[in-house]
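For reference, the structures are reproduced in the following blocks.
Heads up, the next two complexes both have chain A, just with different partners, chain B and then chain C.
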Partner chain A sequence: MGDFLAQYGFLIVTMVQAGLLGLSLYFPLQAGQLSLASPGFYAVGGYVAAILLTNPAFAGLRESLGGALFPLTWLAAALICGLLGLVVGIPALRLRGIYLALATIAFVEILRVVSLNLEITGGAIGIFGIPQAFGFQDRWQYIWLFGPLLILTLLFARQLERSRVGRAFRAIREDELAADAMGVPPTRYKVLAFVIGAVLAGIVGAMSAPFLNTWNAKQGTFDASIAILAFVLIGGSRNIWGPVVGGALLTAVPEVLRFLADWRLVINGLVLVVASLYLPQGIVGALQGVRRPPPPRRPPSVPVVVEAPGGGS
Partner chain B sequence: MEASQLLQNLLNGLAIGSVYAIFALGYTLVFSILGIINFAHGAVFTLGAYFTYTLVVGQFENNGLLKGVNLFPQGSPLSGNPWAFALATLIGATVAGLVAVLVERLAFRPMRARGADPLLALVSSLGVALVIVNLIQLLVGAEIYNFPSDAYGEVRPALSFQIGERVVIVRTVQIIIFAVSLAMLAVLGYVIGRTKVGKALRAVAESPGTASLLGISVDRFILITFFLSGFLGGLAGTLVGTAFGVAGPYFGVTYGLKGLAVIVLGGLGSIPGAVVGGLVIGLAEAFVPADYSAYKDAVAFALLFVILLVRPQGLLGRVQIQKV
Partner chain C sequence: MKRLALTLTLGLLAAAQAQKVATPVPIGIAVAQTSNTALLGQEQVIGARFAEKFLNARGGINGTPIRLVFQDAAGDENSAINAFQNLITKENVVGIVGPTLSQQAFAADPIAERAKVPVLGPSNTAKGIPQIGEFVARVSAPVAVVAPNAIRQALRLDPKIKKVAVLYAQNDAFSTSETGTFQETAKAQGLNVATVQKFQTTDTDFTTQVTAVLNAGVDLVIVSGLAADGGNLVKQLRQLGYKGLIIGGNGLNTSNIFSVCQRYCDGIIIAQAYSPAQPSAANQVFVKEYRAQYKKDPPQFAAQAYAGVQVMVEALRALDRKKKLAQWDLGELRTALNKQILAGRYNTPLGELRFDKDGEIIQKDFYVAQIKMKDARTGSFVFLK
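After this line comes the complex of A and B, so read on.
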């Protein structure tokens, strides 16, 4: 057991972490919003924790809090990312579809360039020597942080889906205008879904900073946005297990292919192409599809012409 | 700012902005036809630069599987004078165009055939980009390759003229970039605006269903669009590579993202929009004060963010009809 954990512990924790990041993108997607902002919030959360854990300015705080400091970093990351999510989300969520995706890519890139140049984030070198959470000796012990967070998030997601809010999310995803007409305020729910995702990504970042020991601008990049999007789409975007399965699998693929050495990233790309071709509903969707046929496609949409009665068009 | 400094920034900005424009045109052409952003476009840009480099130099040093392979033992026939270099660039861009056609066949057409979610086409094109970029890395390694200074032979040295105290310098390569971009824009404008092919392309962009009813082979025009897109992307790659060196397999990633900013700024799917967007971003970057040059890469994205909030359809874009 000890050998197994020593060899695969890091990978297993990384798989759980990837599943959590997948879920952080899944929440806005549930309300029909394609946001690629997760790595941005993940990076911010990590920086918050790294700064609280290493910056000389917080030496007194660390002294007085001891082990309780770690939960505080999660809380701080959650609050800061939640606020940031609100500030970015309210204007950005006026945008639809690909425009929102592009705006969130811009958000991630701006954060990356800024963190590359600020003193407090350690510039290009980043922040290193981040102390291990609760004095953990081995990396696999982080499963005691990420594991419960995953379980809590899944429970939360399941309860959310069954709640009034979850139904509002689905209504907006299926048809925003109709939802609005039925009295579901789209903006409020869209921002809520976006902020939930931001808070989750921030907490994952705050847990990951000690896990990885160093934190730098490479943590939140466009590549990460794409990787996380792939987790969700390959796993399945319509079920809470989709992002978890996708994140775990796509994290494991390069490791399993390690014997292929230099070819593994090429094969990783091929996996994305083939999976998006043959598993359009994602892996979880395909498994469900055995039991339940996919919903019929909606008829093609027709532009609505708004005009006074009697006016020809 | 002094007049000389102003002029210098203006010239630098126009040169880089015009490359952004022709690169972004490749994106916007595909978007206007399929309504999808082809994330492999940045990889095609990188490929174009490498193809031209291979033709001009004939071998790669250092590492990668192609290390030491010598294509032209007697020295490359496509090196040493401007016309040979131009021919190499043309071939490089053409091959990049063919690769883009391949991307269409592998990543986009099967999706269309199945009526799949457009998001999946996006992931698929990203997968292709990943394959291309990592294949390059495997074959030729990760280091920067500079075009040798004699690659295009004896080209007249750079322009320079004095205004007041300072000397304004225009690099030869900047003039080439500007001239080639302008020529490409003119040709493309002519093809799309005045020829039968262009008319068909516009019809397909407007409504693929109606176009196919009118006897236009939609699939063929999609292939033509991808070829044009890849050609422009590959050409931009070579131009940038000539100016700054071919900076490794990930060379195209930054340009890929900036290209997105360019087309959104100008208006997604709008051809004049891509040109205006490219020039605006090129100029904005050129005018970033030296003290803040570290933030230069954020300028395009800051502009993108602002324009999305103020005018989501972009500077020259059309307002989309709300569909139910």
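After this line comes the complex of A and C, so read on.
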């Protein structure tokens, strides 16, 4: 058990972390918004934590707070990412579909270039020598941070789906115009979904900076956006378990197949292709299809009898 | 929860302590075998494989052979950490040579530090690497030591140089730290840095930067970038009429650049931490065997990976003389190996080298080479005296 944790602990925690990042993209998707901004907020959250934990300017704060600094970094990351999400979300969410996706990719790129140019983010080398959360020695111990966050997020997501807000999200996803006509203000709910995703990604980033020991501009890139989108699409975008399963699976496959050397990336590619060809609803969607009877169809519409002019039948 | 964690940790410690050293003795190699970093990593794999074949043929560790365990560290932090975890807990290696990039070292080396496993960085040139911990050392001289040689050599070739243009790839960790060294050295040599231009490793059009350089009327251009972008930049500089000397950084230090800037590569000056011309016996045997197999001179990255393995093996030999390796506990051996690595002197293909107390390399010889193109495709690095 000890050996297993020492060897696969990092991977297990990375799987949970990937699931959380998938969920951060799932929230806007719930309101029908294809946003790829998660890696941007993830990067910002990580930088907030890394700066608070290493920058000489905060040395006094670190000394006086001790271990309580770690929850503070999560809080700071959540606040900053929430605000940033609001500022970016309001104008960006006027766009739809692929245009929104492009705008959010641009946002991620801007953040990356900014972090390469700022002194406080350490330029291209980034920030290193980040102290370990609560003195953790082994990577698997980070499950005590990411695990509860995942459980909380899933509970939150479940409650959200059942709530009035969740129904509004779904209404917007299915038909924004119809929802608007029914008195659901789309902009407000879209921004809310976007901000929830941003806050989650920010907290994950803040937890990840000590977990990875170092933080640099490579953490939030276009590639990461696509990877996280793949988590959601492969896992399934219509169910809270989809992003979690997809993230865990796509993170694990290349690592578990390490013994195959170069072939492991081929297998990873195959998984992506096969899943997207044969499981359009994602893995979780496909499993649900097996377990449950198909959803009830719309009742056959009442035949409309058109009276031909001039009568007759 | 806490008790569970404690039990697990204790179990782990007990397991680690009961462990004996395996034969053949496993040494971990965690370099980039995939991703875009693999261009460098592949040369390191070749260098390490050479060392394994070579040192085993010469008796290994006083008769006990070594076995290299390769784990792909790819080009990102997660893969490097996973590779290190695998080597430490599953493969029970005595030490690790890797990872390829400095950024990865900042992520993965603390893992080895906490597990008390010695690490030798084969190509980590950024500032702060040996300071990660007492188990971390490197056989790659930092940019701050290597890069200034190129400027000194350029001044020897053309003592009239006064004005300099500095260009660097802003999104590359190595290039940004290298350009800092270049700029400081230029100023220290009394040169006037007329313009500093940035580009991205993904750029293909450098008109803006080239125009700025030409307008500044400089006699020397210093480029820190990677092979593709750096090569294109040099090509466009020459095409638009720049005639002066050009210094390239370590990112351009590969023959892959020839196909990018072709004829225009001619004359680029690059400082080296390694030269196939290094006269030591250790290097001449290495070069001879390498040429026999690959029909070309060994590159710097292969030589450094080779030196990493060699240092580990020589330190292990010294320990084995005191007490047979098979009798050591793995944990104790790792700690002793780390001390021995830092204490020894080694005659490697890089020349004579040893380490300071932090684990920073102290290397005697550095070189400067100039690219000479035969035609549009083939060229070579000619070492300058």
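Assume the second predicted complex is superposed on the first by the 290 of 313 C-alpha atoms of A that agree within 3 Å, B and C clash if a C-alpha of one lies under 4 Å from a C-alpha of the other, contacts with A are read in each partner's own complex, and residues count from 1 in each chain.
Please note the rule applied: contacts are C-beta pairs under 8 Å (C-beta built on N, C-alpha and C of every residue); 3 or more make two chains touch, one makes a residue touch a chain.
The shown structure was predicted, so the numbers you read here are calculated from the model rather than taken from an experiment.
Once the two complexes are overlaid through chain A, chain B and chain C clash, as defined at the top of the document. Of the two partner chains placed by the overlay, only chain B lies in contact with A:Leu95; chain C stays clear of it. In the superposition on chain A, A:Val87 makes contact with neither chain B nor chain C.
Once the two complexes are laid over each other on the shared chain, residue contacts for A:Ala57 go to neither chain B nor chain C. Touch criterion met: A:Asp262 reaches chain B and chain C at once. Judged by the touch definition given at the top, the superposed model places A:Thr14 against chain C, while chain B stays out of reach. In the superposition on chain A, contact of A:Leu116 is made with both chain B and chain C. Applying the stated contact rule after C-alpha superposition, one finds that A:Leu75 touches neither chain B nor chain C. In the superposition on chain A, A:Leu152 makes contact with neither chain B nor chain C. Residues 113, 116-117, 262, 265 of chain A contact both chain B in one complex and chain C in the other. Listed in rising order, the residues of chain B touching chain A in the complex are 37, 39, 106-107, 110-111, 114-117, 119-124, 126-132, 134-135, 137-138, 253, 257, 260-261, 264, 268, 294-295, 297-298, 301-302, 304-305, 308-309, 312, 321-324.
Across the complex, chain C is touched by residues 1-3, 5-11, 14, 112-113, 116-117, 123-126, 128-129, 137-139, 141, 144, 212-214, 216-219, 255, 258, 261-262, 265 of chain A. Across the complex, chain B is touched by residues 34, 91-92, 94-95, 98-99, 102-103, 105-107, 109-110, 113-114, 116-117, 175, 177-178, 222-223, 226, 229-230, 233-234, 262-263, 265-266, 268-273, 276-277, 280, 297, 301-304 of chain A.
The touching residues of chain C, counted against chain A in their complex, run 1, 5, 8-9, 11-12, 15, 33-34, 70-72, 76-78, 81-82, 85-86, 88-90, 102-103, 106-108, 110-111, 114, 126, 128, 132, 170-173, 175-177.
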